[in-house]
Amino acid sequence: MLANGISSSFVPSNLEMLRFAPELILSVAGTLLMVLDPFFGEGKKSPKIFGHISIVAFLLAIFGAVEANTVAGPAFSNLLIVDGFATYFRVLVLVIGVFAVLSSYLYLDREAADTCEYHALLLFSVAGQCLMVSSNDLIMIFIGLEISSIASYVLAGYLRNDRRNNESALKYFLLGSFATGFLLYGVSIVYGVTGTTKLDEIRTFLAAPGVPTGYVALAAALMIVGLGFKVSGAPFQVWAPDVYQGAPAPVSAFMATAPKAAAFAIFLRIFVTDFDKIGSSWEPLIWISALLSMTIGNFAALTQTNIKRMLAYSSIAHAGYLLVALAARSEIGTAAAMFYLAAYALMNIGAFAVVIHICGKGEKNVLISDLAGLGQKQPLTAGLLTVFVLSLIGVPLTGGFFGKFYIFRSALESHLVWLAILGLLNSAVAAYYYLRLLVVMYMHEPGEATESLEPLSPGLGLALALPAVGTFVLGVAPGAVLALATAGAALTK
Amino acid sequence: MQNLWLIPALPFIGFLINGILGRKLSKAVVSAIAVLSVVLSFGLVVSVGLSSGWGEHPIHQHYFTWIRSGGVDIGWDFMVDKLTMIMLMVVTGIGSLIHIYATGYMAHEEGYYRFFAYLNLFMFFMLNLVLGANYLLLFVGWEGVGLCSYLLIGFYFVKKSATTAGNKAFIVNRIGDFGFSLAMFLIFITFGSLDFGKVLSAAPGKPVEVLTAIALLMLLGATGKSAQIPLYVWLPDAMEGPTPVSALIHAATMVTAGVYMCSRSAAIFLKAPIAMETVAIVGLATAVFAATIGLTQYDIKKVFAYSTVSQLGYMFLGVGVGAFSAGIWHLMTHAFFKALLFMGAGSVIHACGGEQDMRKMGGLKKYTPWTCGVLACASLAIAGVPGTSGFFSKDAILTAAYGHAPWMFWVGVVTAGMTAFYVWRAFWMTFWGEYRGGDAGHSHDHGHAHTHGHDDHAHAHNHSHDHDHDHGHSHSHDDHGHDHHGTPHESPWSMLAPLVVLAFLSLAGGFLFNVPKFLESMFPLHEEVPNEEMLMGVSIFAGLIGIALSYFMYVANKELPGKIRKALGGIYTLVYNKYFVDEFYDATVVRPIIEGSTEVLWHGLDQGVIDGAVNGAGTGSRSIGGVLKHLQSGNIRSYATWVVVGAVILLITVGMNGGLIR
Amino acid sequence: MDPQVLMQTLGKGVPTSWYLALSAVLFTIGVAGFILRRNIITVFMCIELMLNAVNLSFIAFAHEHRQVSGHLFTFFVMVVAAAEAAVGLAIILTVFKNRSTLNIDEIDSLKN
Amino acid sequence: MDLFFFLLFAFIAVACAVSVVLQKHPISCALSLVGTMASLAVLYLLLGAEFIAMVQVIVYAGAIMVLFVFVIMLLNAGEESSKGRSWIAKIAGLPALAALLGILGYAMLTFYPMVGPKASLVHFGDFTGGGAKEIGTALFTEYLLPFEVTSILILIAILGAIVLARKEID
């Protein structure tokens, strides 16, 4: 009955279940939280137990993902594929999940928000992303994407009495669904041309001669709309600043990293492998998108006063750098994008964690000027933020530097000379607005926001210190992560 | 077997200790740690030098592989050869002296530990830059010293001008670094490696165009770091930083990194004649240009800053005409006398209670004889008086320039004359005549006050403002109880001792260290130039003329400068205002970017452009940015429209490209 | 093309391309509704219209390939649409509670 | 016969869709959308997708649209106001839409040959693989995973609705 499946009956084998372990663990944990809600939900307003359970679940899932990689292979009639690429991204989004939980404790407590649903949604969202990155089928990718997105829509509007939250959720939801429509249309054309939704079968089909590539290229363009939206690449980036600004800070941190990483994973998996044959037709699109993203992101960030909004623009610019790697259409480019995503995730989470730390109840202190004097009042926090800012600038010995180094190197090896030059020029401009953070932090007298700042809470401390360590490790000894990325990139072919 | 890694590691340890625990440590401990780490590092360098025959037997040490992926193999490798040896000696040697000096100079500053932590961190990156055996390590050091320079320039962070200057330095350097990183990528693509050994040995076999491109991009990097035209603008402003920083970073070490890089990459440059010519011309132009500005400045540190820019131009001239060893020689002697000049200036400023305006000094030789003496040595050296260190190196460069193109020699000689003039002008204004700082009279310079009353006023105002802060910091606990209006006083011995050492080096450094001979195995000596004695005579003469003229104008006949200023009129204003280059950059680069982004992306189109255009009020510049401006109006339907427009553009592109639409 | 041949062909059945063209038309109408309408609920309905258009093309393609997998994709799109509807309407409710408006143009406080 | 049904329901679908965009009152829009969905169901039937046609009517037109109508009633939404504007939608909207329609329409019309021996035609009864049995078999064998995973999706939907729409307890 089944050509590629391991199990011939519809009951999945143990091996297949193991390959599905991370998603399984997260879903079970998410459901468990909801079951436990009545027992712990009463009494205290924002019990921390749910966060603890989530962290345990994420750690178990990381373990599961690593274990699953030891028995790499397809699962569930070839709908899932566990390989180095999938495992890399699974672990990445799971690690982001851990940091998202760590950076949420204080915030939820401060806003007196319900913790159970929040953490359940976070778990489900990450489960969707894990599913996406290990899918071998457009249907699965779509469902994974929707699980991740719908959970993020809700998270963006989690504080339902906050006007900014509402608006953020509405914008994200409406525009996200709108872009998904384009993505789906592209998928349907791919299906129309190839008669299948399985990625490996599409690859085989397109490899044969005489394929009407024009239609596949059209489908690719439509899918770029949808995926470009998810990774906030120009000209589909318009939502990002508003949504990141309006959403609760920990959610912004999460949204700027995990869904983006997952969307890039499928971007890479579909475009670099399946659509490689028609690469010459979509490469210019990515080229333009990369350039626009970098330019708009960096130049718009120059004038921002709100840190979250500035980080949103910066994340658009970083999406541009990542698109440069995609435009390189090579194994090295893929590896570079994978590495950069890890570095990007760490530095972004860290930067947002600082925002969470200083923003105060109701996020009243989110202006760059609210960082004034942080260097004097809390040198440790300021020092950690400095690490992230330096990495965002791309100063050597940080992960950000190496990520950019690899990306531009891959671009040059693919003869994208102008894109590399413009990209480097862009990253030179970017230094300006990141630097403002350091100036305000170290060279201004403490303001109201920093004067009344509480000491760093343990959860946030971890969410700051661990990414900072990671940023350094990626900068000083990138070998291990790079080896994983390279191995994963090789497997996508 | 010497462990090279210890050389940068020691200052790094110093940085860690002072950076983390410094707040709790006493000043004595902080300075002991900072100074000791650098002095020990210097000791290590010496022992490495002794064991390797001063670079005769190059050492190459591989510590660990940094990156290995897809054909890239970049290790954390250090190497020492003769070129490195010179740089190491200069960096750690002068660095040690400046650290000692700083313990005295910064004694009463707030954030003492922070200052030394940054200074040690700088040493770490600088030593990395020098020791690195591949371009990536060089780049790590390169970016790192830029960062430290930023931190140190902005050290007096309460002063807004200091912060701005720090920003300016960082951003201008980023432009240079952009060039360097492109060069690095190009090297990587061309040679498949970043190791000096592999790259430089393979360079002769590569196409000239590629090598020229690499060399020119490196030059762009070097113009940023070494303050050459067109990116020199940051260095004069960088004088906002504490004086030891100016001496260490902006005179002796960091700014020479560009010269080091070009010399290190000599194999590439030698195969790219166009690039060489460009280097020479940029160097020469910078030398002249900065020297003319130096003629007119009143801020003692600014004078020396422009002089640094000018002297760096000399070094590039040397490199550009192929006399790499002469360039390096001048790098070394310049490190001696310019560090001395800055530290001497610091001593003077210290003596005058934070005053930097030379018009408010004068007659200081009475109060600060030691400072006066050492500064005289340095001024003699920079003027190229025979026998001093500056004479030898400058002469080597000028002779080589003559061999390359005689006109370069003549321009260089004129510049040498100007250099001698303005340095000695500063010297006379500071040490001769009467002390002008004590009384309330605000202008001794009548001609100037009348013709340029406005400028002058603004200038003076700035200084009194700056002074308030400096003063508050540096003299609140002064041992001698002097305040600004009291009499000047000599500096403590911790500051004077390094000065004396440097004074000796400035005078004797030239014949003690014959760099071209030392480097002969790396850079063959230049061929003999005819009439070498005559050329030498001319350059000596130019220097002496400069000194004599300054004496004549500022000691013997004090009315003359005012008259000359009057006679020059507009030209003087132009030069005095540094040719308005800052204003030019501000108007053409900085403003358009900042305001452009504000205008284009900040205001929504809904409120701005369309309404304006409808009312006929839309200006040209606004409608250009009109399309972009609408991006973030906050309106969901607008956003959706952008998505659709984007989708349509993609579809059309792909349709044309993929053959769907023909 | 020759009208007579076309009529002959049409006697045997409707060209699949027409179904696909219909889906393209419906999709564009959905997009048009999204960018032209102001009521948030109507805008949301236009998204549903877009999804329906995609579904139609899936079914038409499935017919062409004589496969059931296109139907399954449609099925999953419907499930997703249902889930989206629940969440989307909930979001719209919260927005309305806080702002007492359903005009999409008035939800623009986050900008620049 | 095929042609007649296709043209008829295609016309209704497009007319209702246009009506969704043109009607001022959300209720009218919702009803128009139900019309489009119903006619699409008929087209699905013509294409041999019996099961999907049923689901389209029962779930889509039935359940989902009822939810919409319920919310419209709950919020007492009246005719939409014409406050606010989006210049870009006004200026770039229509050309972009025309281009979109042109490209997609052209691509779709030329996707399969319409005439000739290789013409792809839809004739009712040609394909009968879309019945409940076939779908069910596929769902519980090959597509078991997505089927199970959609339960998470629905769980999130419920969770989301609860989080966002429930009343404050305190």
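A few notes on this one:
In this document, chain identifiers A, B, C and D correspond to the written order of the chains, with residue numbering beginning at 1 in each.
We take it that contacts are C-beta pairs under 8 Å (C-beta built on N, C-alpha and C of every residue); 3 or more make two chains touch, one makes a residue touch a chain.
Everything numeric in this text was worked out from a predicted model, so none of it was measured.
Taking the mean of all protein C-alpha atoms as the reference point, the chain centroid lying nearest to it belongs to A. Centroids built from CA atoms put chain C at 28 Å from chain A. Once the centre of each chain is set as its mean CA position, chain A and chain B turn out to be 41 Å apart. With centres defined as mean CA coordinates, chain C is found 63 Å away from chain B. In terms of their C-alpha centroids, the spacing between chain B and chain D amounts to 67 Å. Residues of chain C in contact with at least two other chains: 20, 27, 30-31, 34-36, 38, 43-44, 57, 60, 64, 67, 69, 72, 76, 80, 83-84, 87, 90-92, 94, 104-105, 107-111. Looking at chain A, residues 139, 143, 146, 150, 153-154, 157, 160-161, 169-171, 174, 178, 185, 189, 192, 215, 218, 241-242 sit in touch with two or more other chains. Shown for chain B are the residues that touch two or more other chains, namely 601-602, 632-638, 640-642, 644-645, 647, 651, 655, 660. Chain contacts in this assembly form a complete graph, since each chain touches every other chain.
Chain A makes touch with chain B in their complex at residues 170-171, 174-175, 178-179, 182, 213-218, 220-222, 224-225, 228-229, 234-236, 238-239, 241-242, 278, 280-282, 284-285, 288, 296, 299-300, 302-303, 331-332, 335, 390, 395-397, 401-402, 408-409, 412-413, 420-421, 424-425, 427-429, 431-432, 435, 439, 442-444, 476-479, 482-483, 486. By the touch criterion stated above, chain C contacts chain D in their complex at residues 1-2, 5-6, 9-33, 35-39, 41-42, 44-46, 48-49, 52, 55-57, 59-60, 62-64, 66-69, 71-72, 74-76, 78-87, 89-94, 96, 102-106, 108. If you check the complex, the residues on chain B that touch chain A are 64-70, 72, 136, 139-140, 143-144, 147, 154, 157-158, 163, 166-167, 170-171, 174-175, 177-178, 181-182, 185-186, 188-189, 593-594, 596-598, 600-602, 628, 631-632, 634, 636, 638-640, 642-643, 645-647, 649-651, 653-655, 657-660. Interface of chain C with chain B (complex): residues 31, 34-36, 38, 43, 104-105, 107-112. By the touch criterion stated above, chain D contacts chain C in their complex at residues 2-3, 6, 10, 13-14, 17-18, 20-21, 23, 26, 29-30, 33, 36-37, 40, 43-44, 46-49, 51-52, 55-56, 59-60, 63-64, 67-68, 71-72, 74-75, 77, 80-86, 89, 93, 97, 100-101, 104-105, 107-116, 119-123, 126-127, 129-130, 134-135, 138-139, 143, 146, 150, 153-154, 156-158, 160-161, 163-165.
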